[in-house]
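Here come two complexes built around subunit A, the first alongside subunit B, the second alongside subunit C.
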Partner chain A sequence: MKLIEVKALKKYFPVKKTAFARHEWLKAVDGVDFSLEKDRVFALVGESGCGKSTVARLLLRLIEPTEGEITFKGENIFKLKGQRLKAFRRAVQIVFQDPFASLNPRRTVYDTISEPMKIHKIAKGSELKDRVVELLRKVGLQDVLNRYPHEFSGGQRQRICIARALSVSPEVIVADEPLSALDVSIQAQILNLLMDLKQQSGISFIFISHDLKVVEYFSDEVAVMYLGKIVEYARTEDIFRQPYHPYTEILLNSTPGIKPGTKRRQILSAEVPSPIDIPPGCPFHPRCPKRFSPCDRIVPELEGSGGRLVACHLRTG
Partner chain B sequence: MRLITVTWKRFKRNKLSVAGAITVIALMIIAILAPVIAPYEPTAIDINNVLSPPSSEHLFGTDDLGRDVLSRMIWGSRVSLRVGFVAVGIAITIGVIIGSIAGFYGGKVDAVLMRFVDIMLTFPTFFLILAVIAIMEPNISTIMIVIGVTGWMDVARLVRAEFLTLKERDFVLAAKVSGASNLRIIFRHILPNALSPVFVAATFGVAGAILVESGLSFLGLGVQPPNPSWGNILTAGKDNIEVAWWLSLYPGLAILITVLSYNLVGEGLRDALDPRLWETEEES
Partner chain C sequence: MSLLQVRDLNIFFRTQSGSINIVNNLNFDIEEATVFGLAGESGSGKSLTALAIMGILPPNIYAEGTVNFKGTNLLTLSPEAIRDLRGREISMIFQEPMTSLNPVLKVGHQIREVITTHLKVTKKEADKITLGLMRAVKIPAPEIRMKEYPHQMSGGMRQRIMMAMAIACSPSLLIADEPTTALDVTIQAQLLELLRDLRQQKNMAVLLITHDLGVIAENAEKVAIMYAGRLVELADVHTLFEEPRHPYTIGLLRCLPRGKGTPLKPIPGTVPKPNHLPPGCKFSDRCGFAIPECKTKEPALRKIKDGHLARCIRAEEIEQYKVA
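Then we have the complex of A and B:
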């Protein structure tokens, strides 16, 4: 069953240049399609600035799209109102990247975790307190109810954020780079926690990351984003066995391996072009080691078969 | 550790601000206890003792009607404090409401409200107050209301700026994702985090309001004799400055010390509440 379906999603932000020039558009998300099946983990991967966090914000309906739609159980989430919107708010939760910014500094752990349950009238009184304690135990924290966020480390704060997301028993959690602000040793702990949750509570995840290694362990399907577009979409094992898109290949090879010097790492040259001024043709062509004649003229379509899609002239032409 | 404790720990470091805070508290106690501690009735006229210099009987001397200056000043401190707090209370209430609405809703609402703020800022406040009071009855409530209604713009701007940054913060978005209503987001999540600069502005505002009230009373547009206020004691001082220096010196000093103390407290609070300095120092 498809829980979430993203169709032709676009989000452009207006950029003012000067008082007299007309608006330019920053194409943060430029026509993205994907779907999330129940009990699955879908990963969205790309460099910073590729639009993946914008997708997260759209998925949570924190911003409105320029075009396209996102459906949750068949309903367009941007048209939801009243009780249906509230039900959606209960069903889909988020864990943010920066655990230092995502907790209100003036509220205790208890306030933070109990709030969603109060809003959705899930529990009250002593039952509410028991639930908060239980949620904290689930994420590996004890005796912290009346403490403030600044008393915790990054990893502990991320656990509190996860407990808050779990408090309403959501069906989907969007995790927007939940590990990248943490130390490597802590990353493993949080990743294990997320994997336990996935197995135990039947929550589906949309996992956003720039780190392919993490994705390999956690996700069932991967979409690689580049400048607001999906350039490759496949099952995780396929993409790791053989990446089709040169960008994916480079991303995979740029992750440091365990043994030094085993493989020559390919490192991406130059910076990501500005999403205000996207290169013509294939957006990746200025940085692509394998570019050839059509790349700077014709935009490659995302196509393929058997659940493997790629947007590259090498594959289609 | 609670945030109040952290703030206090940081506030304590500035000795001048602590001295200011002690003075402010002492002045409040004096104002509250005025009927008990004032040695004479503030309006009791004594024709035999007109303009007598400071003595053991009259510590700060007497005025041109033989009234005890110390008693009048003690009662006058009530006026100053009331005006200071009520006027600032009004200013903050208006400022927080307008600033919150502008900052939270943004767009056209924000543009309209902020242009209104700009318009209000173009009036020279003191002359606006003079004009209003010239038309209306000059009494203490009018003064408080007028000072409040003309002094909220800075607060509105501060609150708006805080709202603009806070509403994009992840914890506010997380509250939205949890289904929190706009009111809940404003009152539980944004406003409590937006108030630090308001406290600081309020402290400076009290000092400003006290000055404005003294000025108005000095010009005869504020508290009307025989009711005492520091400003109208100064008026009497001005008329008799060649013969009775004490009539000008003591109320002048009182205004100076009070305003200075509030400003010192404000400065201390500003440093203590600065969130940029928090994260690094809390661990120690």
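Then we have the complex of A and C:
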């Protein structure tokens, strides 16, 4: 079953510039399509600034799209009102990268985790307290109800954020770089926790990460974004076994392994161009080692079959 | 003789109720023109070790022991003498270049300043060297970019500027403290390749500090693993990754996902704060291989074989732990 469907989604931000036009557009998300199936983990990867967090904020309806739509169980989330909107706000939760910034320093763990349940009228009184204790146990914390965020390490704070997201029994968790701020030993602990939630609580995930080893481990499907567009979309095993897009291939080769003496095979030249000034044709062509005649003129469509889509003239031409 | 010899280095944090030991009896050598990797999780004391070598510890922190660089103990040098060494013989790049670049000065000016501080050159010559350095660190269109301010550049470009400043006087030792941690893997790969090239051209030794074992495997020749202010294992890079002998090193390696299906075995718990270290082996409270003895007496960093040291009384039995 498709829980979430993203269709032709665009988000442009106005940026002040030039003597002629009042402003230019920064195309943070520039026509993105994907879907999340129930009980699955869908990963979004790509270099900094490619639009991943903007997609996440759109998925939570924290911002409105410039064009396109997102449906949750068949309904366009940007049209939801009243009770239905409230139900959506409950069903889709987010966990951010920075567990320091996303907890209120003046509120105890109990306040933080019980609040969403109060808002959504899920429980009260002693039942509420029992649920908070149970949620904390689930994320591996005990006897912490009356403590404040500053008393915890980064990993523990991320556990609190996860408990808060779980408190309303969500169907989907959007996790935006949930491990990036943590030490490796803590990353592995949190990753195991997310794995348990996926298997036991029937939660589906949109998982944003720049760590491809983690994505390979945790996700079922992957979309690779570049300058606001998806350039490759496939099952995780397929993409890691054989990437089709030259950009995906380079991204995979850019992660250092832990075999001493092995050097990364391909190094991507230059940096990502500005999303205000997206190159014509294939947005990746200025950095692409395999570019040929059509690449600087014609935008490749995201096409393919059997669940494997790629936007590259080498594949479609 | 080694380029850098660190002997019994202790670093303390001054508090109203006395000093807290943060880095404990560190001993290691860095040979000329080699890359020495220092790895360990947050708070293990990597950066303070680097700052102690550079002689730039914050005022509430002090170091004891010896840091011999080309035979001179840096810890007893006068402030003037160490200032003269810094930038010329030893230089450093940090994780966040923004904190060490001056936001109101053009980047070209900042590179030139390093040159004019240490070398007797005319303004014209300094400009020429600046451009050459910007080319050496592969900044496109250096004539234009030298007139930019740090905030106009990407994180990757700012780190290149830092590298240009660091290599300006061809130092013998470059300390790189998490130089690529904040950057995309693609940019990380570019910068580390650049670092390898520069190191070879300039015959520099590098102290590479990172928590990323992948970066260590790819770049270092010798590696020290640090935990709670102590070295727990030291070996050449092949030995460290192929025959690790300390449960912490093994634990770190097991935290890294290796494809679907292979379950992760995280190290339980968290790194203790310097004032809350357990008695005995500092890793014993998180160690799956600890026995009662580990919790009473701190083990010494001892020789396992030539060039391989580990701080674990059970290092010889570690195979049992690895299969468990």
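Quick notes on this structure:
Keep in mind that, in the parts below, the second predicted complex is superposed on the first by the 309 of 317 C-alpha atoms of A that agree within 3 Å, B and C clash if a C-alpha of one lies under 4 Å from a C-alpha of the other, contacts with A are read in each partner's own complex, and residues count from 1 in each chain.
Here is the rule we go by: a contact is a pair of C-beta atoms (placed from the backbone, for glycine too) under 8 Å apart; a residue touches a chain by one contact, two chains touch by 3 or more.
Note that this is a predicted model, so its numbers are computed, not measured.
Model built by superposing both complexes on subunit A: subunit B and subunit C fit together without a clash.
Applying the stated contact rule after C-alpha superposition, one finds that A:200 touches neither subunit B nor subunit C.
Judged by the touch definition given at the top, the superposed model places A:192 against subunit C, while subunit B stays out of reach.
In the overlay built on the shared chain, the residue A:250 is in contact with subunit C alone; subunit B does not reach it. Of the two partner chains, subunit C is the only one that A:213 touches; subunit B does not reach it. Rounded in steps of 10, the angle subunit B-subunit A-subunit C defined by Cα centres in the superposition reads 80°.
Least inter-chain distance for subunit B and subunit C in the combined superposition, rounded to the nearest angstrom, is 8, based on C-alpha atoms. For subunit A in complex with subunit B, the residues that touch the partner chain are 57, 60, 62, 85-86, 89-90, 92-94, 96, 98, 101-107, 115-116, 119-120, 148, 150-151, 161, 164, 168. In the complex of the two chains, the subunit A residues touching subunit C come out as 47-48, 153-156, 183-189, 191-192, 210, 212-214, 216-218, 236-237, 240, 250-251, 254-264, 267-271. The touching residues of subunit C, when paired with subunit A in their complex, are 41-42, 140, 154, 156-157, 183-190, 193, 211-215, 217-218, 237-238, 240-242, 251-260, 263-268, 270-271.
By the touch criterion given at the top, residues 1-3, 169-181, 184, 188-189, 192-193, 278-279, 282 of subunit B touch subunit A in their complex.
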